[in-house]
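Given below, in the form of structure tokens, are the structures.
One chain, subunit A, links the two complexes that follow: it is found with subunit B in the first and with subunit C in the second.
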Partner chain A sequence: MNNLLRRNLLPIYNNAIKLTYRPFADAATKEKIDKIVKNNKVVVFMKGVPDAPRCGFSNAVVQIMRMHAVPYDSHDVLADENIRQGIKDYSNWPTIPQVFINGEFVGGCDIMLQMHQSGELVEELKKVGIKSALLTAAEESPKSEEKK
Partner chain B sequence: MVRLLQSIKSMQSILRSYRRMSSSPGVVENTIRSKLQTVLEAKHLDVINESYMHNVPKGAETHFKVVVVSDKFDGLPLIKRHRLVNDLLKEELQSGVHALSIVAKTPQQWDESDKVVESSPNCRGGFGK
Partner chain C sequence: MDPIHENSLSEVTDESDGCGAKFSVLVVSDKFQGKPLLARHRLVNSVLQEELKTIHAFTQKTLTVEQWKAQS
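On to the complex of A and B.
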């Protein structure tokens, strides 16, 4: 009986606590995230840090950023549970990593990869005054341009 | 430009890893498939359980990749297509599905593509924390 109670009631009780306290945490976290994403041109929420990503998807985004030599601000969601949930609520996006350019949510790993492949990323970076290293490299070797 | 192409190639090789092993589809996998099929009237649909690539119990349904080809994506930017899929699978994402990789194409884009879908990047151990 005790077991039954624990199993059935505890989760309800726990959820009730979460539901009660969420709105407070939400408002503060939302404000915090708002500041973070507007404070830098490119912001990445990821698992781990750029030098040691702790998820393959986060790592892929780091690699893309590195390839374009983009300066960015990164936040490790594993280090802060509020941010981990908060960022999902903020952008209404269920997964990590998340990339913001000029305060706007751009996408996760799949979208970044596609934007990288289509050349759209170079354009988006240009809009915020960041010149992709790939663009610089392409300009410095006009001969390879002709070959293409 | 050639360098740009080269770096794209190298990116793809970073992402290339072993393909999924075959096993019978789980409950979540079936739910994802039927939701996407019904609502998006998918012309082509792959639901790939990539959980085995991660540090989760055997048979787990935590990491998925979906390939959806649908007329309903016509005229929608990528982010809206992804949001559409995410919204359809909201319940699953809130109750155990931890990673969802999405390829969302229109039938025309799918026909023009090489129809090869890269496997997701290898896990780096962030799961469970």
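On to the complex of A and C.
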């Protein structure tokens, strides 16, 4: 009984210290998201799953990730209402999809698309030790060797 | 949209066939100078904080005056 109490109350107590100005439900969600975004180098919050995106913007991000052959965790916000609202509060960003690299919010669909076009995405991936498939393809092709 | 800066231009396209839930905007402002993309988008989001609550899909392009002239 004592053990049970301790197990149930301790996390609440800890959360209350960390985020006294926030209601408990938010703090719990924030902690959950914190863990999720740090669980993998690249994490995507989207509508639907990579094999069946349920929104054009989410699909665009999936296609970009596929082009660069990035390994990533994806989370379907439609499956969890707490996460759907929680992720917007967490990153202070009003829309889904949302992409995190190394636990940091990078952007939504527009930003990913522009980073892809400018080549910035390849650089960001390189920083976390992921080699973009586009880079590998460029190295293997003799044409781009000549350019260098 | 309220102009963010005197020296700015904004273009809003309603892509929702009038239901008002899907928009794309082009914002050109010198206030974006020296700011990374994420900061630029955050700036636009903060100006449209209230409106975005009712907008389902929102696409934005943020350029400095210089960038805008270069592409047009």
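Assume the second predicted complex is superposed on the first by the 122 of 148 C-alpha atoms of A that agree within 3 Å, B and C clash if a C-alpha of one lies under 4 Å from a C-alpha of the other, contacts with A are read in each partner's own complex, and residues count from 1 in each chain.
Here is the rule we use: a contact is a pair of C-beta atoms (placed from the backbone, for glycine too) under 8 Å apart; a residue touches a chain by one contact, two chains touch by 3 or more.
In this text the structure is predicted, and so the values were computed from the model without any measurement.
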{"item": "Joint occupancy of subunit A by subunit B and subunit C, clash or fit", "value": "clash"}
{"item": "A:Gln117 touches, of subunit B and subunit C: first, second, both or neither?", "value": "first"}
{"item": "Which superposed partner A:Ala60 touches (first subunit B, second subunit C, both, neither)", "value": "first"}
{"item": "Touched partner set for A:Val106, first subunit B, second subunit C, both or neither", "value": "both"}
{"item": "First (subunit B), second (subunit C), both or neither touched by A:Trp93", "value": "both"}
{"item": "Partner chain(s) touched by A:Asp51 [first = subunit B, second = subunit C, both, neither]", "value": "neither"}
{"item": "Superposed model, subunit A: greater residue contact from subunit B or subunit C", "value": "B"}
{"item": "Contacts of A:Ser141 with subunit B and subunit C, given as first, second, both or neither", "value": "first"}
{"item": "Common interface positions of subunit A, toward subunit B and toward subunit C", "value": "56-57, 92-95, 105-111, 114-115"}
{"item": "List of subunit A residues in touch with subunit C within their complex", "value": "56-57, 92-95, 105-111, 114-115"}
{"item": "In the complex with subunit A, residue positions of subunit B that touch it", "value": "1-5, 7-8, 11, 14-15, 78-79, 82-83, 86, 90, 93-94, 99-103, 120-127, 129"}
{"item": "Of subunit C, residues touching subunit A in the complex", "value": "37-38, 41-42, 45, 49, 52-53, 57-61"}
{"item": "Partner subunit B, residues of subunit A touching it in the complex", "value": "47-48, 53-60, 63-64, 67, 78, 92-95, 105-111, 113-117, 119, 134, 137-138, 141, 144-145, 147-148"}
